[in-house]
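Structures for review follow.
Two complexes come next, and they have one chain in common, chain A, joined by chain B in the first and chain C in the second.
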Partner chain A sequence: MRAARRELALVAAIAVVGLLPLFGVPGFYRAGNLRNLAIDNLPVLVAGIGMTVVIISAEIDISIGSLFAVCGALSGLAAKAGWPMPLVALATLAAGAVIGAANGLLVARARVPAIIATLATMAILRNAIIRATGGAWIQDLPAGFQWFGLPQAVAQPVYLGAAAALFLAAAWALRHTAAGRSFYAVGCDHEAARRIGLAPGRVVLAAFTIMGALAGAAALLNFTRYPTIETNAGVGLELQVIAAVVVGGAAVTGGRGTLLGTLLGVILLGMIGTVFTFLHVNPAWGKAIQGAIILAAVVSDTAFGKRERDD
Partner chain B sequence: MTEAPAVRPGSAARWFPNAEWILLLLLGAEGAAFGVFGDHFLTAANGFEVVRLAAEVGLLAFGLTPVIKAGGIDLSVGSMMGLAAVVLGGAWSSLGLPLWLAAAFALAVGAAGGAFHGLLITRLRVPPLIATLGTYSLYRGIAEAVTGGYGSTSGFPAWFLDLGQGYLGGVVPVQLPIVAAVFIALWVMLHRATIGREITAIGFSPEGARFAGIRTARATVRVYATCGTCAALAGILYVSRIGQAKADAGLGYELTAIAAVVLGGTSITGGRGTLQGTLLGLLCLVVLQDGLRLSGQPGEIAGLCAGLVLLLAIMLNQSWSRARRASQVEGLRNPDPKSPGKFKMKNSQIAVLVAAILAGALLIAGSNWWLVRSLGRAPAGPVPPARRITVAMTPKTVTDPYFVTCREGAAEAARELGVDLLWDGPEYADPAIQNEIVDGWITKGVDVVAASLVNPKAISSVLRKAQEHGISVVTWDSDAETDARAFFVNQATAAGIGSTLSDEGARLAGGRGQYAIITATLTDTNQNEWIRAIEERMAAAHPAMELATIHPCDGQRDKAMTEARNIIRAYPGVRVLIAICSPAVPGAAEALKQEDNRRVMLTGLSTPNLCRSYVHDGWVGSIVLWNTRDLGYLTVYAAAAVRDGRLKRGDSAFAAGRLGTLRVEGDQILLGKPFVFNRANIDDFRF
Partner chain C sequence: MPPPLLELRAGSRTYPGARALREVDFDLRPGEVHALLGENGAGKSTLIRLLTGMERSDAGGSLLVDGAVVAEPTPRLMNAMGIAAVYQNPTLFDELSVMENLCIGEGGPLVSWRKRRAEARSRLARVGVELDLDRPVRHLRMAEKQAIEIARALGQRARALILDEPTASLAQNEAGRLLDLVESLRAAGTGILYISHRLEEVMRIADRFTVLRDGVRVGTHARGSVDRAGLLRMMAGRDLAELFPKEKVPIGEVALETRGLGCESGGVSGVSLTVRRGEILGIGGLVGSGRTELARILFGLTPADSGEIRIGGKPVAIRSVGDAMARGLAYVPEDRKAHGVIAELPVWENVTLAALRRLCGNWPDEPREEALAAGLAAELGVRAPSLHAATSTLSGGNQQKVALARWIATGPSVLILDEPTQGIDVGAKAEIHRLMGALARRGLAIILISSELAELLALADRIAVMRRGRLAGILPAAEAGREELLRLALGEERS
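Showing the complex of A and B:
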């Protein structure tokens, strides 16, 4: 029950941080504020699902911030070309999956270590989009782009519901299907996975493809909140997502991690900024506090883990 | 090893055990290509310039090599540069320590920060990636927290500035001996000392190393402490090059440094790697960047090519080492002295592949170069037969929509005048990058540099250097120190912007209540000047207005929306938001719209196109800006006129194409006052 221990530690940390607003300005626990927090963090959660799969497979993907921006720009171009929104959504997911698969091929076939391959694609994608757009935003999108043409009051619960359904499906699949377990097997030990009849290369390729598609989904959830597209978005998203996943207990060495942990990691890191705004803390302290919380969460767990080992 | 059939490996294999010689080929190819395409690429001066560009990233990469070879990683090196810069500045100016002692103190902080990683990793068993991801935020965060982000130290003595800006004997940059000394020390440590063998052993197998009697914890702590010290030294050199100690030093440098190390053949999983490989990897990246700059390519092409080169070099290296390992296994099974023949074939294949990659990279660069040239020359109007002049224009960032519209105006003027326009700037407002860009243009030999300065202190020195090389310098948008340029194309002063923004804010709020500011980053020089001007004007003219808070949005609309929503909920007294970077206004407007909040008003600095619908729907009360398109247009006109001698000090008027005649006051060309766009007039402007 070692994994559950990390999750308990996170619940405790969330409870502590969650108590702080009681000492600040009232209003943190109003429904509207919680809904805003949830909507703002949906892209991180959805990308975090993909990142969890990748990290469980003992790989990493630092290109997702750039991929996120590219997918957003492509969705805008498709919408502008007059495509119906369902088709725009499909095309965005497909574009993400294709670029993710390219990362996967580099790692699984060409045997480039994941951190290097995705460092390179991160630079390539980000510079390509600057080259293509010159930094300009995509404007004059059809009216049906923002919230998929739904009224905002309807769209926000729909987005939350869709993300929740995706999360539950992914959590179930990762835990209870053979395909889901194969990520753990490959992440634990490539050779052992091969000997029990898995194809580690294909599993890694699948992990990156899922990551790419989910980065596309995150881009959709993010950019359809606006009537225009900022082509320079998503800078630093990869670190935000990786931090949430590893704080959530996934081991960067592979083979260990749960989506529940990732969810808790996203909640903890996602609420910090807003909580400290409600406490009227000087934003100059934001980064230092965030770094300290990441370290504290990780260290508390390894301290527990160590004690268990010593027992 | 003594029992092996004593064939001493050839010198190539000894010095470059991981096929680092691939990089030598690459470097040679780069040199040949840029010798043809680049202006003044193959000159001694440029060679030393490359050294200067490489110094700080190089120190990080050298420090990282032992870390990565030991199977670790350190993502916090860039943040440590920022922390060291702030510690240096603080210890010198606030504590009043002598500068050398302050520098020693900064180095000690670097060593301690590195050792802290070592302890987290060895004692608490935190994986290196996570430990340093945490300190990546923590170190930069501490630097921002103690300075409030904007606090900076400058006015360093000349001997210190010479470390980063001076030349030994007039030719050799002072950084060169410093970096060379660090390189040699680390080389001895990694390749000739006991700890080097320990690092190799730990990298291959930490458990195995421990069982072999190596004190792995001690070695690991030392390696990280060395890396932290190198990062702190890089921070000090950065401060002396820029002339200013501020929390944003070294932002984003970690990825370039890691790229240089892995490009240099060091295995990211540990065990394999050489310091000379890192040096070659570093040179490949820096020469690529420098060469593309001298060929007139914008920064994003260099970024694209660097990504491609990294990818393909690693793929080659992987396939080569796999082939070598396979042949070694073969050799063990079937010890045939003739087997080295296989290598030769492999080598030639690799050479072909390298050439193919390079051809690909050059194809991108070349097609782009051709495109730029052909576009620039296509509208063959009344082009004078004389040599076309080249105006090199740098914005604060290339990704800000504000500057995107400036560029449109600049391109329009360049077409009308028949001048060649180069446009390049940092991706994010980084003074060091802008400094390097201008330095590259000096070597390239452009006619005029027109700069909008990220930071006056950091860039003025390089503009003076440009003037010494006979290049005309004008500034626009954000001025330099006055002796560093001929003219300033002035769209509005900080005081003008600040007072217009605060008057608008106070008007929208009804003259009383709290206001909150959404800025780009807390370290941004211009935004901080505007904030000061806003506060001064509010205190003087609108005493009933009170500043509630200042939040950064990192120049991102997503974050601006989140911050705006949080502020209007957490500061119920706020009546008006003042957003002072162009993505922040639409972000905050979307927040007000989604919250359906008609109580809080919004004004700020942004372009009409980004805000048009929000202004019409009443979510944005007004935006304050000048015509940015005209600003770019006027700048190119002024630059060309200064070069031709048509515009001199003492003139009182200047005719600029479609803008008509504009007023010149002293050394400033005035575009006009900041303009307030509101629902009534915004549709008259399309930019």
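Showing the complex of A and C:
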């Protein structure tokens, strides 16, 4: 039961937040609203899967907001160039993976601390979009771009299903494959990992590559919802994602974290903002509460850690 | 007779400035416990690194498994051939569960937790330990972690097991169980290379003993052909010639005194000693016996929680390094690269770093700093291209002189030197010895921590020996013999 303590606490917190709209706020629990809430948070969840892998490996990637925007812009440009949508999707994922791998090489080979390496790529990528698009939104996308050409009512469940499938596959792989466990081992201790025959550099490179590809997937799930692509999107996404992962119980020192926790973290933080809007509370309070939850999560970690060690 | 399970022929290893191992032969047979003995720095760790493939022998040496030469040993290859090692410091994955630690890195690409649980349970049973399989190992005690390490090594179907000080972190009754385990493994045909400073243990379980001294094999003896005194004599050996004894200087009043000094978190307790002006007090003992911890207590790095420190006859409170420096203490730490000097800074800045405030108040005054650094560098004979050269460009010996200069610059009355000549060449060593004599003549009280018995015997006026966090005894250097010091350090009764 020990491992599930964080998950139980999150379920309780989600229940409390979920109760608030029952007091005099009609409309929150309408199916349409819940569906929008879920669709809005899919990109955070999908990027959160990658970030969980990165954080378990004791690294961090703060370039994903920029990477997300780059992948979105590239998908739009490819679609406008007349590429068929499946190819657009593949190219977007590949672009994300390649840029993620570049981050990974900076960290694993050049030994630049992850926060510095990805700070640099964050700035470079953001600047590259502005240079390439002049800051303009990408418009006049082909009809097949939005919702992959499906009717919205069909596309939304498909998106939810795709994200759910991705989540389940990742959760299984992280738990039940040797490759998945290697992220945990490397995140605990590089030297100990080397002694059991792992190559920590390669594992770290893989974590960043996965992160990049999933940032691309998040971009597809996000930008294909609209008729135009906002090239300034994704600012602050990295913080939103890291917050959800940390609230979900992953240790920034590496070696610990689950995707179930990340899912609950995304749900909790995603709900708070919307619930507060429904309650007509100043959105600034939503941010403040989110901050408080992040602090509570981290502090409870160290407090629990201490107590168990002292027993 | 079948070939040995594991054999090293003429294994040598040279590090920059030092030959750690010289043409050592060693072999391990199935179903025996072969003990490896020697003082700190005798070459035991280096030998293990060669046997496990973590390092390769210099030209001329070879490593054999089952009589066949292993051309390019790597840790992975040696492991695959059934050579497993458990090191002094556990290399477990703290965040992962007991179960996962026991089986990590084994099996195919898919993980079956059901199989792992069963496997983990049977491995724990073999070492006779019961643990919650789902608990992260970071919550476990040292002894439990050690048991997991051994269980993991065994699970790899190890035919040869190298145990490096496996009982160092264990309490007496737990150590006894570990020895039982070693005996049952031997009975099952495993060859065990056993390293321990606890002679009693070694005498109990070893079938053969190999003694190393100064990187050379002194001898290998079968059980029964050598007694405890004989082993001690082999470990101790003779003094080397490359030492520069301290000259006689007048010994003054007591500079520093401790009464029942201790610190629980540092594992040190009840240390009472004095050091006088002009005196060099040597501190000996094994690595981990509390020598460095004692220095850290005196210097305020881990303040004492029992006993008292007296300076100039008056009790003083040393709660921080600032307090210690204000009382005239200086400490040149053991790990030169990590704590002794800041390698990126130029020589002159390293020298003046600790004395800055004393020298210039709140506002650095570079000309004064440089003048001070130049003076000390000349006095200590620091050989550097220039005072503005990065300290990292200097040789180890010269870096050590810079570390020493930094603390002499603070004008201390008590100077604590922790392994000041470790890993530096013979010439620089002699210069540092000469310098210590000169400082003593000036009236400094010097505390010299060293793992090298010969160094303590040559330089110190008196030698205090630490054992398991306590003072095992203090002897005048003139009367102390190497065997007697070793006996104190190892906790052996006079035989």
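Here, the second predicted complex is superposed on the first by the 292 of 311 C-alpha atoms of A that agree within 3 Å, B and C clash if a C-alpha of one lies under 4 Å from a C-alpha of the other, contacts with A are read in each partner's own complex, and residues count from 1 in each chain.
Operating definition for what follows: a residue touches a chain if its C-beta (ideal position, glycine included) is under 8 Å from a C-beta of that chain, and two chains touch if they have at least 3 such contacts.
Small disclaimer: the values here were computed from a predicted structure and weren't measured.
Visitor: Following the superposition defined at the top, how do chain B and chain C come out on chain A, clash or fit?
Guide: clash
Visitor: Kindly classify A:Val299 by the partners it touches after superposition: chain B alone (first), chain C alone (second), both, or neither?
Guide: first
Visitor: Where does A:Arg195 make contact in the superposed view: on chain B (first), on chain C (second), on both, or on neither?
Guide: In the superposition, A:Arg195 contacts chain C only.
Visitor: Applying the touch criterion given at the start, work out whether A:Ile115 contacts chain B, chain C, both or neither, answering first, second, both or neither.
Guide: Touch status of A:Ile115: first partner only.
Visitor: Taking the superposition as given, does A:Ala102 touch the first partner, chain B, the second, chain C, both, or neither?
Guide: neither
Visitor: Please determine whether it is chain B or chain C that touches the greater number of chain A residues.
Guide: B
Visitor: Quick one: classify A:Thr228 as touching chain B (first), chain C (second), both or neither.
Guide: In the superposition, A:Thr228 contacts chain B only.
Visitor: Between chain B (first) and chain C (second), which does A:Tyr184 come into contact with in this model arrangement: first, second, both, or neither?
Guide: Touch partner of A:Tyr184: chain C, not chain B.
Visitor: Looking at A:Ala251, would you say it contacts chain B, chain C, both, or neither? Reply first, second, both or neither.
Guide: In the superposition, A:Ala251 touches chain B and chain C alike.
Visitor: Regarding the shared-chain residue A:His176, is it in contact with chain B (first), chain C (second), both, or neither?
Guide: Second partner only.
Visitor: Can you check which stretch of chain C gets into chain B in the overlay, out of 397-405, 433-441 or 487-495?
Guide: 397-405
Visitor: What residues on chain A does chain C touch that chain B touches too?
Guide: 251, 305
Visitor: Would you mind writing out the residues of chain B in touch with chain A in their complex?
Guide: Listed in rising order, the residues of chain B that touch chain A are 73, 120, 124-127, 129-131, 133-142, 144-145, 147-149, 255, 258-259, 262, 267-269, 298, 300-304, 306-308, 310-311, 314-315, 318-319, 322, 397-401, 403-404, 407, 427-428, 522, 549-552, 554-558, 561-563, 565-567, 569-572, 583, 586, 590, 594-595, 609-610, 613.
Visitor: In their shared complex, at which residues does chain C touch chain A?
Guide: 75-76, 79, 91-96, 100, 104-105, 107-113, 134-136, 138-139
Visitor: Mind listing the chain A positions that touch chain C in their complex?
Guide: Answer in residue numbers: 2-3, 175-181, 184-185, 187-189, 191-193, 195-198, 251, 254-256, 305, 308-309, 311.
Visitor: List the residues on chain A that touch chain B in their complex, please.
Guide: Of all residues in chain A, those touching chain B are 24-25, 27-28, 30, 32-33, 36, 40, 60, 106, 110-113, 115-117, 119-124, 126-128, 130-131, 134-137, 139, 152, 222, 225-228, 230, 232-233, 235-236, 239, 242-243, 246, 251-253, 273-274, 277-278, 280, 282-292, 294-295, 298-299, 302-303, 305-306.
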